[in-house]
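Both complexes shown next keep chain A, but they swap its partner, so chain B is in the first and chain C is in the second.
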Partner chain A sequence: MASVRLKGITHRYQRTEVLRDITLDIEDGELMVIVGPSGCGKSTLLRIIAGLERPSGGDVEIDGVRVNDVEPAQRGVAMVFQNFALYPHMTAAENMGFALRNLGTSARETDARVRETARLLQLEPLLDRLPGQMSGGQRQRVAIGRALVRNPRIFLFDEPLSSLDAQLRIEMRAEIARLHQRFGSTMVYVTHDQVEAMTLADRIAILNAGKLEQVGAPLDLYRSPRNLFVARFLGAPRMNLLEGELASASAAGAEVRVRGGPVLRVAAIADRLAANARVTLGIRPEHLRPGPSAGDLEGQVSVVERLGDRTLVHLDLDIGAEVLCEDRGESPIRVGERVHVHAPAGAFHLFDESGIALPRIVAA
Partner chain B sequence: MARTWARWLSHALLTALALAWMSPLLWVILLSLTPNEALARGDLAPRMLTTAHYQTLLAVSQAPRWFLNSLLVAGTMTAATLVLSSLAGYALARIPFRGRNGVFLFIVAGLAVPEQAIFLPLHRMFAELELHNTYTALIAPRLAGPFGVFLMTQFFRAVPREMEEAAELDHAGRVRTFLFIMLPLARPALTTLGIFTFLYAWNDFLWPMVSATDPDMYTLTVGLSSLQGNFAQSESLGFVMASAVVASSPMILVYLLFQRYIVRGMALGGVR
Partner chain C sequence: MPVRIRRSFRAPGSLAAFLFLAPFLAFYGAFLVVPLLLGAWMSLHRWELLGDLRAYCGSGNYLRMLRDPLFRSSLVHSAQFTLMAVPTITAVALFLALVMNRPHRLYAALRSIFFASGALSVTAVTLIWLMVLNPSRGLFARFMAALGFAPVDLLADPRLAMPALVVTTLWWGIGFPMVLFLAGLQQIPRELYEAAKLDHASPWTTFRRITLPSLRRTILLVLVVEVILQFQVFGQVLLMTRGGPANRTRVLVQYIYETSFRDWQVGYAASMSMLLLLVMSVASFVQLRLSRPGD
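Moving on to the complex of A and B:
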């Protein structure tokens, strides 16, 4: 196990800057998930930690030692690739033992370690199979086994579940979580799937266009996004956003006039903003409750998605905006129906004109 | 029902076409087994077949030696081409160095140079080195073939980069990665290149004819052509045909054994 420290990492491909001043501490034994949309630089950051790419600027430290000039194999890292990168001409056992053989480990010890790892991952029946004779999930487990057998200081996962089907993803996600709990290894996990990030991570680092937007525990980020990007990125379905302007602000809270609509009370401290400043109001679908009686906002139902345990209602508001709200269980709401929605003041997020979140008032 | 008929029809058509394509070969084999008297009478459906032409071929010529020469030249050329092309292809595809693209383009441009264009300087060079009538002269000029380098470069470029990176993280250096990961992956391309090189070397005629003037150094193609007299077509057609069968039999064998790879190779190398 080891800690990783990224200090001011920048990276360029020719003139394109793909990473901008990334500083991130990953603690010993932590599972850090780096998440962001496609092309945000998350895989590049992982490759820089692995040593497969050299950063244009900044330092990578492992256990306090600068490793910028250390070869990938000498960093004590193991990586699980997006497409598994298993050697197609080698059996599962040969794939898993390849690194050990390269290190000069005896055939007997290699075999013993491969079998031990295979037992842990329930791979024993697959050991003599070639990757081409395995399913996607089996290949993924062999790829994890190949990383595990070397007993690395740091595990790196580069979107390892993206090529699996939905059910298998859930199973493999749980398997990775179990591995982390069992070995307590330092893991850096890259994904674009925020559900994966929320369910696996000790902490999440959110990357956008090469810039680190926010780092923190999954629920902290969910509850207190630092800016609009994080607010929109985390959570499925996404947070609803409404444009408006500040009507009043005090230490007790703020009032926001939604564009073309009513004034809503928000439990946020906005007294640093000028009166009538443009703001964005955020509200998560699960906090926006639909109902037939009077509420803050009113509109017509355009789509109803019944998921069994909950119902998602798409609403065209009279003020011209679209929002998504969530009803518990099998909602009686029908398409075309007129409904009201309401949310408590404490459920709203408030962002200033530049998209930065304003501090929320936490109820005592 | 209609589908069954369509399949029968297509099979019948394909069989007819295959027979049409095979007919020259079958004709050559038949003539090589036909006695000279029958050939002189124009009897092309003799009652008795003979191996006399083959016996004559072995008795009057150095055919076994030429056969071995061809085998040695084609075998060595194939092995050396595989080694050189895979090394060059890997370097051009995967090792970044200054001028890499330029080197690749220069090599590919070699595909456009007809071999006859370099015959004179090549002949002169080997004459000055006093290498004519040696195996070196028969093999060496053919080793710098651009096709193999082009084929292997294209193949290695298509191998996912993660495969090599995984090997790098698995403590495999450049040489081990090449030997244990990239070369085994390249087996289909290497097989294809090997077959093409062997066939090319076996069929090679012009350069061996120019370079090898000593009958001991003839390859089979050069040797057999040297046996044809002025009236070969009219007086010893059976003998000529027996020579043709002997010369082409190894190639037919290679085609039969490796036809799957030959077709794949045509697709891989863009050969039409």
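Moving on to the complex of A and C:
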């Protein structure tokens, strides 16, 4: 186990800057998920930790030792690749034992350690199979086994579940979580899937266009996104956004005039903004409750998605915006109906013109 | 009734397919199938190039091959040449491909240079190499002189003439197998090398355990293509050594050519060509069998 510290990491490919001044501490035994949209630089960051790529600037430290000039094999990291990267002409056992053999471990000890890991991951029946003779899930387990057998200081996962089907993804996610609990290893996990990030992470680092947007525990980020990007990125379905301007602000809260619509009360401190400043109001679908009357906003139902435990209602508001709200599973709402929606002041998020979140007033 | 309806629908389609195939079939038949059958037919006859002799002799020509020392020696020389040239070309092409498989303009230029020699005709290639190997003024003689050795006439030396032909052929034909290997190398996922790096694999282990097994099919293809090509060696031999010194480089195709066009014994030459065809067919068959998907 080990801690990882990234200090001011920048990286460029020719003239394109893919990582900008990334500073991130990953604690010993922590499962850190780096999440962001495609092309945000998250895999590059992981490869920099692995030593497969050299950063253009900044330092990588493992257990307080600068490792910029240390070869990948000497860093004590093991990586699970997106497409597994199993050696196609080696059996599962040979794949798993390859690193140990290269380190000069005896054939007997390698075999013993491979079998022990295989037992742990229920891979024993597959040990003599070639990767081409295994299913995607089995290959994934072998790839994890290959990482595990070396007993590395740090595990790196590069979108390891992206090529699996939905059901298998859920199973493997739980498997990785179990492994982390069992071994308490330091893990850095890269994904573009915010559900994976939310379910697996001790902490999440959100990356956007090479910049670290926010780092924190999953629920902290979900409840208190620092900016519009984080607010929109975390949560499925996404947070609704409404444009408006500040009507009034005080220590007790703010009032926002939604563009073309009513004034809504928001439990946020906005007194640093000028009167009538342009703001964005954010509200998660689960906080926006539909009803037949007496709501803040009114509109016509365009789509109803019935998921069993809940119903997602797409609404074309009279003020010209579209919002998504959640109702109970047995919702009577139908397409074409007129519906009112309402949310408590404490459920709103408020962002200034540059997309930065304003402090929320937490109810005592 | 339904059968008849289906036939009436199929007929125009078949005709169209046949019409599309017809030009190819005409050429294929006229220039490949007919000459092949004619060759097989001729091989069963004593058949002179000029004149009227067309006497059926059954397996006579084939039995004659067994007794003919010149045929045997030319077959051995072709085999020797193939055994020397094919592994050398394969190994050097693989080495060059490994070196050139880098994303830099310099390597792109070098790849083009190595491939360019293959575009030259055999006449140009042999002319260049006759100059290089010239014992009095050639590059090789000067190189030997610089090292303090007496100049050697490689092409006149019974032991060195064949290796000299192999070197010429290597220079001429290295481009194509190199490109095949480059294509093969570029098919190997980068992640495998990265995984190997993390798995403490040395460059040699990486080559032996990752690159070579991943190139298995390409290596096989190159070996078979080269066996087929090099077993038919002719132009270089005819232009550089004429089969000498002391018949030590007289190869099978040269012997077929001489039997046919110098000695006019087309029937006997045809039977030797049939044997050559058999060797090529075996090589192709081996390649097809071994490169079947899933193997």
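As a convention for this text, the second predicted complex is superposed on the first by the 364 of 364 C-alpha atoms of A that agree within 3 Å, B and C clash if a C-alpha of one lies under 4 Å from a C-alpha of the other, contacts with A are read in each partner's own complex, and residues count from 1 in each chain.
In this section, a contact is a pair of C-beta atoms (placed from the backbone, for glycine too) under 8 Å apart; a residue touches a chain by one contact, two chains touch by 3 or more.
Owing to the predicted nature of the structure, the values given are computational and were not obtained by experimental measurement.
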| item | value |
| --- | --- |
| Fit or clash between chain C and chain B when superposed on chain A | clash |
| Chain B versus chain C as contact partner of A:H89, first or second or both or neither | both |
| Touching partner for A:L103 - first (chain B), second (chain C), both, neither | both |
| Touched partner set for A:G346, first chain B, second chain C, both or neither | neither |
| Footprint overlap on chain A, where chain B in one structure and chain C in the other make contact | 50, 52, 71-73, 77-79, 81-83, 85-89, 98-99, 102-103, 146, 150 |
| In the complex, chain B residues that touch chain A | 160, 162-163, 165-172, 176, 180-181, 184-185, 187 |
| Of chain C, residues touching chain A in the complex | 189, 191-192, 194-202, 205, 209-210, 213-214, 216 |
| List of chain A residues in touch with chain B within their complex | 50, 52, 71-73, 77-79, 81-83, 85-89, 98-99, 102-103, 146, 150 |
| In the complex, chain A residues that touch chain C | 50, 52, 71-73, 77-79, 81-83, 85-90, 98-99, 102-103, 146, 150 |
